[in-house]
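Take a look at the structures below.
One chain, chain A, appears in both complexes that follow, with chain B as partner in the first and chain C in the second.
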Partner chain A sequence: MNRLFQLSQQPPQWLSQSDPRLRVILALLLALVTVNLSGLAILGFLLISALSLALSAGIPFSHLLKRLLAFEGFMLLVLLFVPFSIAGDSILQLGPFAASEQGLERAITIVLRANTVVIGLLALLGTMEPEVLGHSLAKLKLPEKLVHLFLLTIRYIGVLYDEYQRLRQAMRARAFVAGSNRHSWRSFGWLIGMLLVRSLQRSQRILGAMKCRGFHGQFYLLDNQRWQNRDSIFLTVAVTLLAIPLTLDTLL
Partner chain B sequence: MSPPLIELTDLSFGYPNHPVFSQVNLHLNEGERLALVGGNGSGKSTLLQLIVGLQSATEGSISAFGQACREEKDFRPVRAKVGLLFQDSDDQLFCPSVLEDVAFGPLNLGKTEQQAREIAESTLQRLGLEQFAHRITHKLSGGEKRLVALATVLAMEPQVLLLDEPTNGLDEDAEQRLIALLESLPQAMILVSHDRRLIERLATRAVLMQNNTLVDAVMHSHPHQHTHSHLHIHVAKNEVAHQHDKGVPDHADHHLQD
Partner chain C sequence: MAHIPDGVLAAPVLITGAIASAAAVSIAVKKLDYDRIPQAAVLAAAFFIASLVTVPVGASSVHLLLNGLMGVLLGWTAVPAILVALILQAVFFGYGGLLVLGVNTFNLALPALLVGLVIAPRLKNSSGRQLFIWGAVAGGTGVCLTAVLVSLSLLISGPEYLAASKVILVTYLPLMLAEAAVTGATLSFLQRVAPELLWEQKV
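So, the complex of A and B:
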């Protein structure tokens, strides 16, 4: 179950010992800088840096690839369609549609930016426990309701997944094979309906359990996140490094 | 003699056209461990939920610690003193980490973060669970979850424990550990269970849900002797050389600690 969320079992020391908030801030900064760059060479360089960051964060290359695969399909669509949707110097004519040089450049920019951001997020956020991420978001003063929604989702997504698996196995045990027919669609409808009913019942039981322990609308988080001098130094270095491509991009 | 901790008088519960139970009378005194037994769907779990006001009765009255409880606000103080252990621990453990879960109750009772942390840590230590404090709740095993759920209840220092099938789904080791723990607790308890071993070890009195109402039951055990043949499985080709060293195998050879 845990493999659903966490990419790296053992992140290196420099990552695991830093304050998780540092990683959240760095991820945000990296994303902001990336979307503001437009030079292809600089973007390419940043992508390679993000990749090496991900590998040095202890993410096995095969895991990284698997995660990226789902996303690259979407990127392929961008590469295919964006060149045709921007006017400019034509480089390819397909019937009434023309691909432009400017469009191609834009498409490559989008692909480079998106990959950099996603790989950076995987490296910085994908390597921490989702519960820890929730705690740091709370400490960074994100709205409390969002944080608790996030934490409760993390807590129960596995429980619901197990419930789904049990129902699915019960179907399979009675020789159900999914096909494209009325019976299959109705069975899946029941499966989803059953999951919804059970989730609702569970949520009522959870609320009952909360009330039993005196819940009155207030959640509490206890954590051990401490911002240290080392984190400040790290942040300063990272900001300086990120400023370089940004200045280069405006100068060139 | 002091008044009963919990007293149910002529309590009924049901849905329109489908009564679950009616005219239930029950009292729980200090130091008692009451076993509540009965068939599936007879409303045993519901009865526990009625005591802490998670469901409301159709008729009858509930009084806890000498106070009549009718509506939600009457039940709130009761919930701090009556700890309910849920059948499914996943329902009970909803916080990210074990420590936060155990501290949730004390924090709701108005303790400061520091106090709640200390209470949580000492409760976990008392149950021998201190190494779990910083574990993520959804990664615990079934037995660990049940023990942590018990810790979350005990952290509120309840005077009464309501246990809904506490040994359900636990393996032999986890069950023994839980029973030993429960045995060491001073609280009065109501235990809903089908587990004869649990009832035998813990209960001081029993009531039975039967024919839609609650009747007093007599608990007794009688020693008995029996002989029977039993299945013995071994590798096929050893058949010829096979011999029992002892004339009669030990009872424990083919029975759990029944």
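So, the complex of A and C:
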């Protein structure tokens, strides 16, 4: 069921044995440090570190590249327009528009930051089982109902993805080819409608089954997450490693 | 393009977005009955899957946001459903980022709430063509408001995003068209097949 979410075939032992809460905290720290850095060299170094972390976490490079392409459209816009929107020493003249050196530097900063955070996120959290992530969110004191919603949503994304594939196959069997026309849009509308109707019927069966098993608003979250000495050491090392670029950045 | 990556927005925007989303999520979670959690989860999953569908528009193709439809069908529950979907998309698909989750949730959830509040009551008394039109309005408005909010969050963060945010507004046009058509079709389908979904008491 988690085919959709699986990033890494086999996460290495040091990663899969660390406490999931540690990984959530580390991802947050990495994001916080990254968005506060502005030196290009330091950001570049951090990006390379995040990249090597992702590769050592067992994410195939082609997978990583595909995930990164998902938001490079946004990055392209930033790279194209920000250099022209900040005043400074002109480096490129295109008609009435001038790209400034400061603008280009800013754009590259943004691209480096965004990539570092996303790669770090995929490496630290993307390699986890989604359910484990849900449990660690519960342990980090997120509202219980939100966590229940999260866990059940993950469960049903897998189930409904299969349902969706069946419906698409049925459409293909009727020689449906998506085009930019009213017929296609209506068919997609019906497809989504059908998905919703079937899901709703399924949710009524689920509620019935859950009530039958005595559900009264509480899941038993399996408690196999133990914070160990290794995790504390890991956290200390990571905080020290993240503090170095932060101090360098403010000093330089 | 509804997912703004990390490192783009200014700190005040991030903090405001996070606070606003946290407030909206806590209100919604308080209103969410335990009995409704399975239903909300299954619908949230259905919306997550539906946003994977690639819809061709003209020469380009778009992924639907469906926040208008979510607002109409889920009411307040749309807020945590959107948050859950965004967390999953950020962590496992690399869309967006971590610190911007608040802003991204807000940009999608506020339009959903408004559409749910204004348009959902009108669906009850309409049928046929009228219902399709109201559905199209709901879908179109959801996308349009999100586009405006995304551009605004960029603009408030810094004047250097002026040009980029204008381009982003333009890229939303084909999505708005597709979303309006598909949402209209979905709602008229639901009215024929499962009208109770539209009638139902929303929280």
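Just so it is clear, the second predicted complex is superposed on the first by the 248 of 252 C-alpha atoms of A that agree within 3 Å, B and C clash if a C-alpha of one lies under 4 Å from a C-alpha of the other, contacts with A are read in each partner's own complex, and residues count from 1 in each chain.
One rule holds in what follows: a contact is a pair of C-beta atoms (placed from the backbone, for glycine too) under 8 Å apart; a residue touches a chain by one contact, two chains touch by 3 or more.
Since the model is a prediction, treat every value here as computed from it, not as a measurement.
Enquirer: Have a look at chain B and chain C on chain A after the superposition and call it: clash or fit.
Expert: fit
Enquirer: Could you tell me if A:H216 is touching chain B, chain C, both of them or neither one (first, second, both, neither)?
Expert: Both partners, chain B and chain C.
Enquirer: Looking at A:A114, would you say it contacts chain B, chain C, both, or neither? Reply first, second, both or neither.
Expert: Once the two structures are laid over each other on A, A:A114 reaches chain C alone.
Enquirer: Check the contacts made with chain A and report whether chain B or chain C touches more of its residues.
Expert: With both complexes superposed on chain A, more residues of chain A are touched by C.
Enquirer: Could you tell me if A:R182 is touching chain B, chain C, both of them or neither one (first, second, both, neither)?
Expert: second
Enquirer: Applying the document's definition of touch, where does A:L28 land relative to chain B and chain C: first, second, both, or neither?
Expert: Touch partner of A:L28: chain C, not chain B.
Enquirer: Touching A:E131, do we find chain B (first), chain C (second), both, or neither?
Expert: A:E131 contacts chain B only, not chain C.
Enquirer: Minimum C-alpha distance between chain B and chain C after superposition, to be given in whole Å.
Expert: Minimum C-alpha separation, chain B to chain C, in the superposed model is 8 Å.
Enquirer: Shared contact residues on chain A for chain B and chain C?
Expert: 151-152, 154-156, 159, 202, 206, 210, 215-216
Enquirer: Can you list the chain C residues touching chain A in their complex?
Expert: Answer in residue numbers: 1, 3-8, 25-26, 29, 32, 34-35, 37-46, 48-50, 52-58, 64, 66, 69, 73, 80-81, 83-85, 87-88, 90-99, 159-164, 167-168, 178, 181-190, 193-194, 197.
Enquirer: In the complex formed with chain A, which residues of chain B make contact?
Expert: Counting only chain B, the residues touching chain A are 49, 52, 54, 76, 79-80, 83-84, 86, 88, 90-92, 94-97, 99-100, 103-105, 107-109, 113, 116-117, 134, 136-139, 152-153, 156.
Enquirer: For the complex, give me every residue of chain A touching chain B.
Expert: The touching residues are 1-2, 129, 131, 134-135, 151-152, 154-156, 158-159, 202, 205-206, 208-216, 218, 220-222, 224.
Enquirer: Considering only the defined contacts, which chain A positions touch chain C in the complex?
Expert: These residues of chain A touch chain C: 4-5, 7, 27-28, 31-32, 34-35, 67-68, 70-71, 73-75, 77-78, 80-82, 84-86, 103, 106, 109-110, 112-114, 116-118, 121-122, 125-126, 130, 133, 143, 145-146, 148-157, 159-161, 164, 178-180, 182, 184-197, 199-200, 202-204, 206-207, 210, 215-217.
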